[in-house]
Amino acid sequence: MILKFNYVIMIILMMLGLWAMIAKKNIIKKLIGMAIFQTGIILFYISMGAKSGSNIPILDYYDRYKPIDAAQYANPLTQILMLTAIVVGVATLGLGLTLARKIYDDYKTFNEDEILQEIKNEHD
Amino acid sequence: MAINVLAVILFAIISQTIHHPTVQLILNILIMASLGLGLFFFFATSVGVLRFPDFFTRLHAAGKGDTLSTILILLACSLFSLKSAKTLDQTTILAAIKILLIINFIFIGSPTATHALIEAGYNSEIDPWENNATRN
Amino acid sequence: MSMINQLPFYVVGIPLFTALIIGVLAIVQPKLVRLTGLVGIISGAYASLTLFLTVQQSGTKYYTFGNWPAPYGIEYSVDTLNALMILLIYAVSLLAYVYSLRSVIIEIPSNKHGYYYTLYFLLITGLIGITITGDAFNLYVLYEICALSSYALLASGGKRATLATFYYLLIGTVGACFYLIGVAYLFIKTGTLNMGQLFEHIPSIYFTSSILVAFIFINVGLFIKMALFPLHGWLPNVYTKAPISTTCLLAPLGTKLSIYILIRFYFHVFGPEYVFQVLNIQPFMVWLATLAIIVGSVYAIFHTNYRSTIAFIIVAEIGYIIGGLWIGHPDSIAASIYHILADSLMTLSLFMIAGTVLFYLKSEKTSAFALTFRQLRITSISLVVVFASIVGIPPTSGFFSKMYLIKGAFAMGHYQFIVALLFSSLASLFIFFRLFEAYFYSKPPEPAPSIIKEDRLFTLPMIGVSTGIILLGVTFNYWFSVISRIIPVGLR
Amino acid sequence: MLLGIETLLLILVLILAVVSLWIRDLMSSVVVFGAYSFLMCLIWTGMGAVDVAFTEAAVGAGVSTVFFVAVLFNTTRRIQFNPLDLSAKIFSAILCIGTGYLLMLGLSDLPSWGDPQALVNTNVSKYYIESAYKQTKVPNLVTAVLADYRAFDTMFETCVVFIAVLGIFMLLKKDGREPLKETSAKANDNLIIRVASRFMVPFIQLFGLYVVAHGHYSPGGGFQGGVILGASLILVAMAFNIEFVKQLLSIKRMLLLAVIGVIIFAGWGLVPVFLGQSFLDYSAWAALLPGTGEIMARSHSMLAVEIGVAITVMCGMYGIYMSLVSDGRFDKGL
């Protein structure tokens, strides 16, 4: 278990994020939960590409022409995937914040319960 | 700024003699001293932030202590990257100088941010703390 | 490389570059936006048709980006099923685009048309990209392209649309992230993202728990995206509040393509052997699909708002396709793939009708349809055609898919699914008659003063899609033979 | 095994996540979330993912915190007290525990943390490590794979930023005719902040350009550089006012540049198609760039592509901030 400590933390982070997205009533908190959920996944990918005792994936000046031992450098592939995921995450966050902003303009609150109450009032 | 000039002069002096044991010793002492001091100031900052009574005094601790300790620790990093290099080439010196440039940023940015925070606090009319115990 | 070999790129590249050009034109010369879009989509449709015919003749086409070989670079592999889906996307988006030329003017403020069409074409790019790609992570990126552009397009419908879209954003992100977790579990065990290579590696890890977790998460993620029954909560709200111009594009394609991705994962990543033999969840999934059909139909009956009704009809139709897929009989699988085509056209038609009625009558209560039958001739004819197809009346496409679904279910002994199908047919018939009886029994309300009656830009795509529904039914044998060739050998 | 400082940081990260969700004030919650992102980026540095950490530091800890603040600034930071909704809490708890249980189920199967012999580290990524430098002459393997092997992903990633800014414009942008809302914001006339930012902004921009251009040799590249450039503009907008920064980069020009960035990327990839190669095959550029072989053509093309990315990301971050902070009116802000 201790060897897979990182995965456990990642799972707990994702559970936290998911819980916040469902149970929190404030929509900004929901967005924070979403961001935490995404970071959990990014942590998962990054930690599976980590190698103990490895360097960052930038070739040293002196090593460039020698035969390269792959175990010496951290896995670049997972990092690239997660670079993409981070940018997607911030784009989603931006749109989410915009929608939250528009919801606030319409209902003057971030609170889910009050929004639903107001919708109900409109119907009646 | 002065610290940069000093550090660059220091680099110039030691670049010739980096593998000499005395130079290594001096560098070690410098690194350890500045790291230790930096950590001490960080600790003091944390104590200040936790223990001081109100917004302004806490920010005082945070602003001053944080800036100084960051600068010291970064200086230690810069020297360490010089010391631990196998050979002193462009890349190493470049890295050391980059860290020095970060010091500049911290030196300007951190006090300005503290100032902005204090002003915001002042504008939103937070009452400063007064020591009532001694007055009475 | 000849033009033919570049075709897999063209089908994605044309809408992408159209979007970028529109993006520039929106700022520089807004008048040219709509014309550019039309040119782009027609040339894309031509490319997709050529691609379909080429793939039919010469088999699977491969295209590697940056000339890097398959597991190292990103690869497109276009087989017949892929090409068919791309053809479908272009057909639907061409019709929806023509429709939107008029409806966008009504729904979106004029200074935002440029942005709207840029996002519209990026959405098309994303939809084609998820269909065609052969790389599991590239699929995620394109899913997000689809998702983000659709959030923006859906939320431009006003107050209620914003809230619905906000929930859609949250749940859509969860879906995409679940998919990403599933891919992570596959990736960690195989070290590759290329679907072809994954397919080769997976048999060696059939009985590990990580492939099970990967299977579950990819499935749940895609179920969220396609709005299968217990996870369908977001769909009705989004599709009833959003602008018609957007739903015309998104409702037919968004959910159905997720099912297609699922089919692709079953056939070309996990392999039919794993899905239908190693995992023993067939009865459960068929029951789930049955429930989806019944719940969707029941909700559709109880809603009196036209768009809510069709939103729940979509939920039921997704039950058809998933059920047919999980029954595992070659007939039912072919029928469910065929139903993807048919259902896309039906949904498109339903939403176009909703738009025309809404713009004319400013109401979408079922009682308002009395006036539709009196005054909007072509709309009412397409309404009859599309409901004939949903109910399953012979010359239309809905009949054939339903027939083969029932045939497959009968062969495999899933009788509850047949009952659900028949129930759903009856429910659709009921809904249609509720619309139709208004013609005879309810006194037509006076229409609100409205200049838009049956604009040619509305009727043309509606006639097109009705013809499509009937043609798809009439030429059923051709499509069925195309589809049956795609089903993997293990299932035939 | 990497246990050590990472373990400590992971526990800290967990605590910060809980705190940022639990705290009953939105602004504090956002600030704690920024700290969370920053600690996360330290963890990633520890695992050797410097590029990701750089991006997260710029995007997660920096810009997205600013976005949150920009929204909260114009709205409210208070959280209303809600009556305890037990059924919803139980429902969500069951859902989360279910998800967590499923993820734990696969845990026994995963390779241990930092195992260099795991299949994920030996299959495709080994090829990248061993041959990326030979084939592209770019020592930063992340840049090489990002901008060449998987450039198609990166192109769409740039598109995602473009879509975000366009979508936000679509949703938020107001006509000039709508009446102005009274905001409590007053023009920032603080001399110290102005002078300090006036002093810092050129250096920040220089650093941004350096990060873009030096991405081949050190951590960084188009995204990170673009975010830094965007952040410098955001700093100007904060220290001065929106009118001033609009003189530097008007909204219309910003949108145009954002498209042009994507067009640079996609167009650079399109040229090989006209030369008879596949999309994004940079080696075809050797015929057009004088004095470069196929390998160097790849290397140079990556720079061109990164510039496109940087332009789009810069305009994207700037545009998103400006829309959020002024509620689509582009007149007053933080």
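So that you can tell them apart, the chains are marked A, B, C and D in the order they are listed, and the count of residues begins at 1 in each.
By definition in this document, contacts are C-beta pairs under 8 Å (C-beta built on N, C-alpha and C of every residue); 3 or more make two chains touch, one makes a residue touch a chain.
Because the structure is predicted, anything quoted here is derived from the model rather than measured.
Peer 1: In terms of C-beta pairs in contact, which of B-D and C-D ranks higher?
Peer 2: Result of the comparison of B-D and C-D: C-D.
Peer 1: Could you give the separation in Å between the centres of chain A and chain C, each centre being the mean of its C-alpha atoms?
Peer 2: Using C-alpha averages as centres, the distance is 28 Å.
Peer 1: Between chain C and chain D, what's the gap in Å when you average each chain's C-alpha atoms?
Peer 2: About 31 Å separates the centre of chain C from that of chain D.
Peer 1: Could you say which residues in chain C touch two or more other chains, in rising order?
Peer 2: 137, 141, 144, 148, 151-152, 155, 162, 181, 187-188, 193
Peer 1: Would you pick out the residues of chain A that each touch at least 2 other chains?
Peer 2: 14, 18, 48, 61, 84, 88, 91-92, 95, 99-100, 102
Peer 1: Any chance you could list the residues of chain D touching two or more other chains?
Peer 2: Residues 103, 110-111, 118, 120-122, 124-125, 128, 150, 153, 157, 160, 163-164, 167-168, 171 of chain D each touch two or more of the other chains.
Peer 1: Going by the touch rule stated at the top, which chains touch which?
Peer 2: A-C, A-D, B-D, C-D
Peer 1: So in the complex, the part of chain D that touches chain B is made up of which residues?
Peer 2: Against chain B, the touching part of chain D is residues 190, 192-193, 196-197, 199-200, 203.
Peer 1: What residues of chain D sit close enough to touch chain C in their complex?
Peer 2: Going by the criterion above, the answer is residues 102-103, 105-106, 108-111, 118-125, 127-128, 148-153, 156-157, 159-160, 162-164, 166-171, 173, 175, 252, 255-256, 259-260, 262-263, 266, 270, 273, 276-283.
Peer 1: Spell out the residues on chain D that touch chain A in their complex, using ranges where they run on.
Peer 2: Contact set of chain D toward chain A: 1-3, 6-7, 10-11, 13-14, 17-18, 20-21, 26, 29-30, 33, 36-37, 40, 43-44, 47-52, 55-56, 59-60, 63-64, 67-68, 71-72, 74-76, 79-80, 82, 85, 88-89, 91-93, 95-97, 99-100, 103-104, 107, 110-118, 120-122, 124-126, 128-130, 132-133, 139-142, 144-146, 150, 153-154, 157, 160-161, 163-165, 167-168, 171-172, 217-219, 223, 313, 316, 320, 323-324, 327.
Peer 1: Which bits of chain A are touching chain D when the two form their complex?
Peer 2: Against chain D, the touching part of chain A is residues 2-9, 11-20, 22-26, 28-29, 32-33, 35-36, 39, 42-43, 46-61, 64, 68, 70-71, 73-80, 82-84, 86-95, 97-102, 104-105, 109-111, 113-114.
Peer 1: Residue numbers of chain C touching chain D in their complex, please.
Peer 2: Residues 1, 6, 9, 13, 16-17, 20, 23-24, 27-28, 63-68, 71-74, 109, 111-112, 115-116, 118-119, 122, 125, 129, 137-138, 141-142, 144-145, 148-149, 151-153, 155-156, 162, 181, 185, 187-193, 208-210, 212-214, 216-217 of chain C touch chain D in their complex.
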